[in-house]
Structures are given as structure tokens and as C-alpha cells.
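Structures follow.
Note that chain A is present in both complexes that follow, paired respectively with chain B and with chain C.
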Partner chain A sequence: MAEKASESSNSISLNTVDGKIFKVSPTIANQMQTIQSLIKAYDSSRVISLPHVNAFHLSKIIEYLEGKSATTVSAVKEFEAQFMKDLSLKQLKGLLIAVGYLKVNELLELMPKTVAKLIENKSVEFLRKFFGIVNDFTPSEEAKIREEIAWAFDGVDED
Partner chain B sequence: MEEQSKRGLRISDLNDYIVQDIISILPIKEAVRTSVLSKKWEHLWKSISKLDLDEEAHENREQFKDFIENILLVFNTSGIRKFSLSFQVGEDVAQVNKWLSRVVNPNIEEVTLDLGKPEQQLFFHEHIFISRTLTKLKLSMHHVIEFPSSIQFRSLKILSMEHVIFPDTSSTQFFFSSSCPSLEELTLANCNWINVIEVIISCPLLQKLVIEEWEDNDEDDENNDPGGCKIVINGTNITSFSYGGNLINDYSLSHSTSSVTDVCIMVYREGDNWETGYFVLKLLTALANTVEKLKISDYAFEGVYLPKDCENYIFPLPCCFGTYLKTIKIYYFYGTEAELNAIKFLLQEASVLETLYVYIDEEHDYDSPTGEDMLEEIYDQIMQYPRASKDCELELE
Partner chain C sequence: MSQDDAGVVGSSSVAENDRSKAQRIVDSNNEDKISYLPEGVLGKILSLLVTKDAIRTSVLSKRWIYNWTLIDKIDLDDTLLYSKIAVYSQNRSNTVNTHFVNLVNRILRHVNSSIQSCHLKLSLDNSYHLNSWIIAILEKRVQNLRIRAAAIYFVLYPCSLFDCNTLVELILDIDCTVKVPMFNCLPKLQLLRLYGITFDCSSSSTKLKEFVLSLPVLKVFASRQCLWYNVTIDAPLLESFYLEFFNNGPSYATPTCPLGVVRVCTSGVAKFFYRGHLLEGIVVFDPPLVHNASTDLLIETCQKEDVQDTATHVCVLLSQIKEVECLKLAFRKVYFLLWALLKSFWTRCVIAFYI
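Up next is the complex of A and B:
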């Protein structure tokens, strides 16, 4: 989780919600669309505050972007697999939120695949919990929906 | 500190398009089932951009057809970017035509259709054949394809056709010369050219060409008439060329294809080594100047280089053997004297060769104790041959 300090004078300083300052190169910063637009809006010498991102998630995103750019095609695949494997379910969720907020396109391509694999064949309750969904159906409404899409429940033992 | 802070965003704040990306990767049945999660989720799956329908994932044919009908009732098909259908169409041509016309929209990017043997003509929506956005099209069907009078794949980069029967010379020629200006990868797998006399495949940006044509003994298609179709390939940017088959049609590469570095040729034609050899040599000569990697099956190999089997072997050896060729792979090796002669000849000629791979035919039993000795013997024998490239290594597998 070491801060990646770039020697380059045009490096960009990012301040996470838990008060850590990260210095990143413009190449890394530009791969986060949200930061890219913030750079344009800010005076370049200022530290950019990220009220929605903590140090752990930002360090992971930087680790990914650096790891990915440094290697060959097959090595990238291996790196990506290991990168995702090392994350707990909770960390994965948090990272997904940060990646969605910062609009890191590279990870927005990869992470849905990882998440989909994880939630496949899981119960309705698991999915509600995972995605923080409040069930706003009344029991009769939910029963009606289930009836309407009974054709998609063939061969499934519902929980 | 791994926790999102209280001021931070929650997972439920995720943008819908990210959630829909996740849903679209789930098997379609599961995607539909996310309807029951909440009022918002009831509709999310209906606008995913990828729709993947596969008969195999369903218990039976009727259930699959009902499933699709149900989906199409509620799905927002105008948002589909990637569509895939795998279905043995058979007699249900009218129904499939209806599905396709519902699903294919002006912004579609990728279409994969694996349709088995339709009993009648399928009509591909004009949004497939006149598309600004389509980049990838894979079509597999045992039926004549009907090309509409106007075709324009402006953005198509990858095209794969399997078992497709081409209708006639003029429309097929038009298709392969004028319709795909952006095409980079073309695969023609077991296509049927019986209705076509001659065709020039001319795609200026084509980089990779894969041709397969193996006789199907279960078929009475008569797609192996002796003359075959004359197919000329014309593409100045082709870097990778692969042919595997029984020489059903007559392929040649025009002299402008001077960029090929990666070649794979797998040929088998019973009892006719001379013709096999001529065919392979013709291809190799056209590719000769630049080839760096060459994979070849031993039938092709014997045919070209075996003086014993072929009286007319006086063709000059393609000049890539002396200039660029660094790797040769030989498959289905049996260890016959004829094959060994051929390898001897190759080693004498290929002066910059770095590695020669020889793959023993799987059916050949080299695992028995005597077999192992024999393998060693072959290795020793090959190693004794004079080599034009002193550092060339031999891999026997």
C-alpha cells in the first residue's frame, strides 16, 4: 500500500477521504476519467480531493493500472487473474464502487466479469445483500413477478 | 480502512450501466431472474446490451422457443449491441426470421448466428447487410446464403462463415470484392462453392485469412466436384494465412500478397501426392519472400519435397527457405523413409532455420519399449543429416 510517488514535476496529487496523499503520473491519472475532468477544472498545483475514495481502493487502482501497462499480453492476463483473486468479497465490492466513481475504463471492463462469476447461481437473498437492494415489492407483487417470469425459473430450486 | 467511509458511496449508488454490464454477463435465464430483486431491478435486465440465446442451455426445443418469445415481448431490442443465437433452425424458418427482424437494430455491433440446417431461406435483416456499426459477424448454416442486392459492411473487421453455400458467381464476387472495405480477419470454414466458378477475394485491409475445407463423409452435398472453384486471394496486408483441407477448391494467392509472415498448411488428399505437392508449392511460392513461421502437415510436405514420389519436382524452392524461415513444424510424422528424406532435404536448404519441430502421429505407438528406441534412432538419424543452418535445433515430440 505504499504511496507511489512520482519524481516527475507534473505529477498529480490525490487526497483520499481518509487523508492520504497519492502522487500519480499524468498517464495513470488520465486513465481515471473522473480525475481527468477534475484536472481540467482545477489549478494544476492543487491537491485533488476524492471524498468518495479511500486509500486502500485508490492504491489498488493504481497498482492495477501500473501492473497492466508494464507487461506483455499473456502476463497481463495472469496479473489480472491474480489481482482479482487477492481481493475479498468486501474489498471487491468497495473497489467496484471506487472504480465506478472514478470511471476507470480498464477496470470497468474487467470487474463486471469477475463480479458476474461471483454472483452466478446465487440466491435472491445473496444478490439483494450483495447489491444493497431493498426489496420494495409487497409479497403479492413479488409473487406476481415470479409468476410472470416463471419461464425463466425452469429447473431452478428457488430459495 | 478497507471499509467504505460513512461519507462514501454505497454499492446501490452504482451507475445502472455498470450493473447492466454485470447482468449481461450472466446466463440469460439468470439475468431475467434478477427481475424479482426490486422494482428498479425488475426492468434493468430488459435493457442490457448483450443478448446471448443458446438452445443447448434449455431443456428442449419448444421450451427454448417459448423462452425467446417471452423475452422478445418485454426486451428493449433497440439497445442490443451484441447478439448471439445458437439454434438448429430446421423447419422453424419463419419464426427465426421474425426473431432476427426484432433483434437486429441499426446500432448492432456483433452478431453470431449458429443456425444448423434451415429448411428454407432465411432473410437477414438489412441492418446486418447494410451496417455502419457491425464489426463482427459469425455465421454458421448449412444453406444457401441470399445476398441482398445491396451490401455494405462499412465497419466489419471480423467475418467468419461456416458451412455457408454461396449462391452464384456474380453475387459472391461482388460480396468478396466490394462489400467489406474494413475487413481484417476472414474465416471460411467448410463453405460450399459449388455454385461459383471463380472468385477473387479482395479486401485491402485483410490481415488474417483462415480457410478450412474438409470433406464431410456424412454429407451427400457433392461439394467436392473435381474442378472446384478457382479462388484468388488478393490482399496486400495479409500477415497470417492458414489452409487446412482436402483440396476441394483451387486457391491461389496473387503476387501482391507479399506481407505474409505466418503460414499454416494442413493438406490431405488420398493417393495423389503430386497434386498435393503442386498446390502447396504454389501457395508457398506466392508467400515466399517473407515467411518466418511455417506449419505444415506431412502430407503436404512429402508432396512438395519428395523427389521419389514426384517426378516433376523441379520447381525452384521458395526463396524464404534461404532468407527468413526460422521455424518449421511438421505434424503427423510416421517415420517412413520418404519422410526422413524430405527432412534431410529441408535441413540442407533452410539456411537460417532455428528450430525444426517434428510431431509424431498420435496413433503411432512410440511408447512401447521398442518404440522409444525407435524414436531415439530417428532422432539420431536426423541429427546426422548435413544442415545448412549450423545452429538449428531439433524438437521431436
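Up next is the complex of A and C:
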């Protein structure tokens, strides 16, 4: 990967959960808040390991940050739309976890919009299936909550 | 293992042992990742949904019961409920409405201590809850408040509404009377739109002439069908001023109950719009509008006998905006007003007449 090749004296090494080392420039690293605080705690020569991020997700995040900085202001929207479009649903969910853990602010603005678009006005059953959420309510517990918020069930899309 | 299902879910909590890590990595394709997102991310996603959608997530699983309280935007529209009312029996619709009221109360009790914006669209039946709701909303340090409610007669009393130091945008579209305290100030308000509001300043002071709305950073002001008496809008940074008043309704201005003077204290209105019937002294600019302002007037008269009065009022108004760069004037049913105007009016303005 290109990131690995970029050897600069002050680049920062990140070790993903599946054991791949990424070297990134401080500019990129500093856009991930979690890493920014880790850099301060570690001395610069150490490899920072990221227990919640795999290589694919980190490479996507780096791709986004580098791609965006290389894009002109007017083309950013297009770039972002394409970036999100290229992700499968499964990838999107995984990446969201990684982005949430690393606190990549720009993606934390962008990705929730995509997710919200996907789930707006969808039924509970659709959401459970969509996110793989296991319903742990008893039928009577669920009925009670549904009754309390009955108003919110008006006009929901058919699955 | 494909690239993407290796995502590690996590309570970002401490040291997970290798076994559980391995287990998570090989978890089924459709594992529940979203439930374990950090609160900040979940809150962002849920805030992007309309509140109704966000609340519905409380049925997903036990973990989700209170996730919706992370939202920082409230967006509720009970007219959706009433559009379906024919489908419900009366009993049923009462129940649903009670639930709606309880729900709003619950939202205001549980939601984050601070919210960014709150938009409420309410139909008649819930207007009477509005006073307590507004107090609760303002306590949440809301910045953007929009309320549209269909009320026939109704008094909005929370004084805190005109003494709120977090509001940046305020839109009230309620046919109601608003009690404004004598000492009021909205230090951060940049946009104020008022529709159908009657100002009641009676409790504040007997000296009504001194009633001042303090809006130090206001940029946009719009008022449609509002009634007030001698209100001074003190908004030094005002950029756009829109006033619309058609003297049609039975409750509106009559000779015995005139529409008050709106005195605008500003040095920089760039755009001034007026629509409707022009009554005596309806708008006074202090100081008069400056050179680079633009003005757009659409004047109507109600009856033939009013024409001469209107002409006088228009002249008074125009004398304050003599020097503006661009002036658009349009009249309906007021042909012979022109001579009165042209006689008293000479500037370098661009004048367009639409007759």
C-alpha cells in the first residue's frame, strides 16, 4: 500500500488489529483524535497499536483523508459522495465503528448522514435486520413500549 | 475472512482477552455493530433523523431504550397524527394524542441537557401545553427554536422567551398574544420571524411609548400580520427588515385600535420590504435608511376613501428612505397616488412602478 511506502522521518506507525503496520504523516494522524492523544502519550519511535481497527478500515480512513486534502474545495462533495458510494453496507458499518473509535471528525460528520438516510422512516423490524440487532424484549414488554410511543409509528414505510 | 467483516466491535473498554477478540472477529456477518457505537456517534445519527424516527429505536432492544435521548435536535409534527385521524375512532385518537403529549413531556425530561434546535408543529389541541413546553425547551439552552401552532386565542407567557441568552434563531408562527417583559434582551439572536403575533406590553409598564425590544446582533427581522403598539426595535446590526400587514381581519387595526409604530433603530438595514396596507406611522427608521440600502414596497389600499391617507403615509415613509440606491415601488388600486409621490420625491434611485 502506498501509505507503507511513504517513509518520512517523522511519520507515525500504526499497527492494526490484524497486524499490519501503516506509516502515516503527522498531518493525517492528527486528524484522528484518538491517535493525536496517543502520540502525546507515546514517544515518537513506538508503534501505536489500534486494538479496534483493522487494516481495511484504516486504509479507507487514510484514503479518505488523503483524497480529501488533494481535492479542490468545489469537488469535495463529489469526492465524498463517491467515497460513500464505494462502500458496501457491511463495510460502511465496520468503518463507522473504526471512525468512532479513532474519532476522525470529518468522517464523523459525513458517515452519520449516510446512515441516517438509510434508516429514516424505516420500521423497527427493518432496523433490527439491517443492523443485526437481537430483540431481547418479551412480547409484553415490547407491546408496552410500542403503546407508549404509538404516535411515533404513524406513517412508517412498508418493509 | 473478507476484508470488512473483521471489524472489531467494542465497548471501547479495556483489555479484551484474545479469545473474545478472536470470537468477535469471526462473528457472523450480520453482527450487531451499530449498538456498540460510541454515544457521540449514535447521537449524531439519531439527531439527523426526525425525532419520531429516533424515538422508535427504543423498541429495537433493551440496549436501545434510552439511546434516543442522545439527540440534540427535536423535530416534532403532530399534524401527521391528525391527518390520520379519520382512520382512528375518537377514543383511539384521544389515546394517541395523550401519548403524544406524554411523549413530548418525556422527551423534554430525558433529552440531553442541551439541545441545538427544536422545531415544533402543533395543531390546536395541544396548544395549551405550549407554555410549559417552551419553558422546558429554553432550559435546554436551545439555539434554534421554531414553533408553528394553530391556536385561536392563546397567551404565550414565558417571559424567558424574550430574555434568553442562547437563542440564535427564533421563529414563532402562532396566532397568539405574547407577553413581553419591559426588560428584555436576546443577546445572541440573529434571526427573528414572527407570524400572527399580538404583542402585549401592558404588564410591563404604563409608559408604552418606551417599549423597546433589544436585539443587539439581530440581522434578519420579519413580521407578518403582527399587532403591536409603539414598539421600538433596537437592532443596530439589522440587515434585512420585512414587514407585512394586510388590514383585513376583524381583530385588526381600526381607528380606535391603531397598529402601533414600529421604530427601527439601526444604522445599516440593507434591505427593507413592506407588503400590504400602509397605516399611519407604521414604520419609522431612526436614523433614516442609508445610501446602500435597497427598498421594496408593495402598497395596497383597502377602500377608495383611504387613498389620500395612504398617499400621505407613503410620502412619510419615503422621506426616510430618500437616499437609497434601489427602490421598487408597486401599488395596487392606487393610480393617482403617483403625483403625490413624484412631487415630493426626487432621488438618484432606480424606481420601478408596477401599476
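Quick note on the criterion: the second predicted complex is superposed on the first by the 142 of 159 C-alpha atoms of A that agree within 3 Å, B and C clash if a C-alpha of one lies under 4 Å from a C-alpha of the other, contacts with A are read in each partner's own complex, and residues count from 1 in each chain.
To be clear about the criterion, a residue touches a chain if its C-beta (ideal position, glycine included) is under 8 Å from a C-beta of that chain, and two chains touch if they have at least 3 such contacts.
No experiment lies behind these values; they were computed from the predicted model shown.
Asks: Put chain B and chain C onto chain A via the superposition and say whether they clash or fit.
Replies: clash
Asks: Which partner does A:W151 reach: the first (chain B), the second (chain C), both, or neither?
Replies: Both partners, chain B and chain C.
Asks: On the A-aligned overlay, A:A81 touches which partner chain: chain B = first, chain C = second, or both, or neither?
Replies: neither
Asks: After superposition on the shared chain, which partner residues are touched by A:V47: those of chain B (first), chain C (second), both, or neither?
Replies: neither
Asks: Have a look at where A:N121 lands relative to chain B and chain C in the superposition and call it first, second, both or neither.
Replies: Touch partners of A:N121: chain B and chain C.
Asks: Is A:G132 touching the first partner chain B, the second partner chain C, both, or neither of them?
Replies: Both partners, chain B and chain C.
Asks: Touch check for A:K93: first (chain B), second (chain C), both, or neither?
Replies: Both partners, chain B and chain C.
Asks: Touching chain B and also chain C: which chain A residues?
Replies: Shared contact residues on chain A: 17-18, 51-56, 90-91, 93-94, 96-97, 100-101, 108, 112-113, 115-116, 119-121, 124, 127-128, 131-137, 142, 145-146, 148-149, 151-156.
Asks: So in the complex, the part of chain A that touches chain B is made up of which residues?
Replies: Residues 17-18, 51-56, 90-91, 93-94, 96-97, 100-101, 108, 112-113, 115-117, 119-121, 124, 127-128, 130-137, 142, 145-146, 148-149, 151-156 of chain A touch chain B in their complex.
Asks: Which residues of chain B touch chain A in their complex?
Replies: Within the complex, chain B touches chain A at residues 1-5, 7-15, 18-19, 21-27, 29-30, 32-42, 58-59, 63, 66-67, 70.
Asks: Touching chain A in the complex: which residues of chain C?
Replies: For this pair, the touching residues of chain C are 3-10, 12, 16, 21, 25, 28-38, 40-41, 44-46, 48-50, 52-53, 55-65, 78, 80-81, 84, 95-96, 99-100, 102-103.
Asks: Going by the contact rule set out above, which residues of chain A touch chain C in the complex?
Replies: Where chain A meets chain C, its residues are 17-18, 51-57, 88, 90-91, 93-101, 108-109, 112-113, 115-116, 119-122, 124, 127-128, 131-137, 142, 145-156.
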